[in-house]
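You will see subunit A twice below: alongside subunit B first, and alongside subunit C after that.
Showing the complex of A and B:
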């Protein structure tokens, strides 16, 4: 993508996301989790997301610190509830960070290319591509519709929305669906006329390949687990 | 290259596009053919026969014989035809499959299973030829309409088809983008491609076209060669319902009128987040009240920002509008104004046309609603679902709702994009009529002909500032023309 930034294979990012989920469900000790989070933060910094990387690390360390202090108080209901909440944040943070890393540093075309490499069938890849394509469209449509509603005096203020939530939803959905139907028709016509329906092998211009850094990431993660897993 | 022998087609189901009757058309290799005629004449249908979307995507009754590059589109698969025919469509927003420009350019070739090395070579070649380097590797959703259309042309160029089919490619483009589209087409022409264009705007194609096919109600009623084209008078074109071949032929038909009342805009400043300079910066602007005011300017000049601030959509805008001696702030302006959007689909909410109007009224009375519909000439559509209307009819419903809400400022964003002569004239007379009913009308438009038909006053923006403002008279008309003809 851009020079000076590390690029990982999307499959490596998926692997990191899986590990993060694994950590959520199987307790492998704070040390493993902390190492994993710090490792992720380093990867974020290397991939050009330095702000998130640093902030993430600082946030996580503070959460760990607060969590330790709170646990020391563990006597009354108040401290128990606070402790529960903090632990919740602590446990979910690796997943959120790994998810953020995977989805903000990967282009749609790279996901598609790796899915093709992993031999996902076309009838899974194409709907996913369309889905990715539709998010920004729906967002843009939504803003236009909200503006149009203001001119008609429908659900202008937050209070109006709270007063009539279902009506508001209806007024958003009718034009949204209308617009989405038109887009879908145009999009199908356009992609069919460009040969999307070809059953033979599709090639991929976007190159995704395991490189040295991918092997290093896999290696480091497995090493962390081998050394500290279970403790 | 393309042969249609006695071809007829009827769409199945409720299609707004009209069918074709007894079409005989033979297009030679390397010809540039322009298909024109009023909306619904069948020109879009004709392009669909050539790129195979008929009968593969739009089902219907097809008789006669179609041959494209020796093949019958109905008998082969669409992906096979995709290797011969490349298509560019009307709406730049909805013809993209990818979210990244480079990936989009590669898409057609990927579907053919071409080696990545070759795709890269072809993309580089196209980028050089069509000067697309600034647009590479960008998020498509961040591009302007003109830039999107450039990528659409680039993507079909990469597939290296022999035939290009363009369906109203200039509809959503501004004058600069149309100029660039013209360059792309002329590049293909030089490369010996066969090009078929269905279009309302004729002026940008007059030097490129070899042949001109005129359709009426699904039949070909005129077939002119380039030499003969120049002899067609503007009056004849008008009778045929076609836009002029040259912007120079457009005459001022808006009636001059004396307006004494004024609207005054004060402190209209606006800057987008992370932008280097202000998108809009107007200290004070005096404009006539109850007139049709054109907002012109190139892409990024601040026209849309101006409209959004005027209507009170931008919360950060602190500007005031002096209206009948009252200073209106943002919220007050929002109550007084109405924006007719370019995509009218976004502003229709109900199940029938009359409900749409009633929704806008402070005291919903059916009789009054019907009067507004009558005024817009859509009374007979009162109980119809807005979804089943044509684009022009939807626009009229939106205007009727504006009337019903008794708003005094009505802003139109590109009201005539993709409209033929007849519909454009209808919009023009509608705008004039609105101004006569004590409404101040603002029109953002790239349609010089529309402005010549109905405009009283012109505001030209550049980099968020008003660089010119004048009443549109016979004396100042050449100035407006100069803007559009550069």
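Showing the complex of A and C:
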């Protein structure tokens, strides 16, 4: 299925996401952040996203360079605003990269399987599963509705939307909600007949397990923090 | 009205959460057009304006305690997995629970309580604004590490921050009320007569 590409456990990806968030709140210094970003880029390349991996690394290094130059100036109004913006990008980049990594390299079924392993309650898993699966349909529906509206000359330009905002809202959301109501009914019927309400533990087609590479990722992240965590 | 959530309810919640998420996307897009760069200030307000009908319909469809809370939690998780930072998660859950409590006072039927709870729920999206505050700290830390004096920066950013905070909060409050009313009007016009909520 994914020959030659590294597959990480979703829980490891969640861990990476949490680390990225942690870095956002506790200023552990540029060195730790840079190491983490480079590490993420390597992971991206190994997981078959080499383009994003390389581009991400290049982008991050150039941001660091610009940030250094901007910060070296006296912080008058203009440079302060610029400095704030570049700090913004610099700080958020690990988060965005980790999110991209987690989201693009994981299938919905893998997320669900790992959430079951983490003992999330069913009340959370089922709606989240539906959200993941159903959102593409909603987006497609939305585009169909917009096309139909344009075809009839309703709210074609931004100006029209501003002129008639409430009508636009009504035209978009009423058909969406109408069809969603039916979809919800259909989905319930089909998943109930497949035994979603069975009280026993559910088996899963997708299997998630910690493998050697997962331990390596956890190990290297913890090593980075142990070595450079205190700045 | 004390009923627990069944599987059908959970699926319905997921479906409405997906539409609510579309509303969030529209809200983000529109507020980006309005104010590029600092668009996250108005995202909750614009989304509130747009998403009222989704919320009102959900309240009537699943009039049980927990439904709104779950939408809040699921939205938070979705934000987290798509690379938004983890703190966006916390307001999403807290305001979800509060909104649920208020809507339950009106048994999920009362117009007043539903709109009030919708307004509160809209504050759940304020999570992505939070960086405006702690980013200043990151910036100051960045300056200090280069041996510069940050007091000037404090003076420059404090009015911007507190100002944007109040503008955002007030805009969300007003938009929540208006959005709720629009939602109700759409509900009365289209969904109640057809009996979708039976």
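Methods note: the second predicted complex is superposed on the first by the 229 of 231 C-alpha atoms of A that agree within 3 Å, B and C clash if a C-alpha of one lies under 4 Å from a C-alpha of the other, contacts with A are read in each partner's own complex, and residues count from 1 in each chain.
By definition in this document, contacts are C-beta pairs under 8 Å (C-beta built on N, C-alpha and C of every residue); 3 or more make two chains touch, one makes a residue touch a chain.
In this text the structure is predicted, and so the values were computed from the model without any measurement.
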{"item": "Partner chain(s) touched by A:178 [first = subunit B, second = subunit C, both, neither]", "value": "both"}
{"item": "More subunit A residues in contact [subunit B versus subunit C]", "value": "C"}
{"item": "First, second, both or neither for A:17, with subunit B first and subunit C second", "value": "second"}
{"item": "Touched partner set for A:206, first subunit B, second subunit C, both or neither", "value": "first"}
{"item": "First (subunit B), second (subunit C), both or neither touched by A:119", "value": "neither"}
{"item": "Subunit B versus subunit C as contact partner of A:148, first or second or both or neither", "value": "first"}
{"item": "Interface residues of subunit A shared between complexes with subunit B and subunit C", "value": "129, 132, 137, 170, 174, 178, 183, 187-188, 191-192, 196-197"}
{"item": "In the complex with subunit A, residue positions of subunit C that touch it", "value": "5, 7-8, 10-19, 21-23, 33, 37, 49-50, 53-54, 57, 61, 66, 70-71, 73-74, 77-78, 80-87, 131, 134-139, 141-143, 145-146, 148, 152-153, 156-157, 182, 186, 189-191, 196"}
{"item": "Residue ranges of subunit A touching subunit B (in the complex, touch as defined)", "value": "1, 107-109, 129, 132-133, 136-137, 140-141, 144-145, 147-154, 156, 170-171, 174-175, 178-179, 182-183, 186-198, 200-207"}
{"item": "Residues of subunit B touching subunit A in the complex", "value": "51-53, 56-57, 77-79, 81-83, 85-87, 89, 91, 93-100, 102-103, 106-116, 119-120, 123, 137, 141, 155-156, 159, 311, 313, 334-335, 337-339, 341, 343, 345-350, 359-360, 387, 401-402, 405, 407"}
{"item": "Residues of subunit A defined as touching subunit C within the complex", "value": "17-18, 20-21, 24-25, 27, 29, 67, 71-72, 75, 77, 80, 83-85, 87-88, 91-92, 95-100, 102-103, 111, 122-124, 126-132, 134-135, 137-139, 142, 158, 165-166, 169-170, 173-174, 176-178, 180-181, 183-185, 187-188, 191-192, 196-197"}
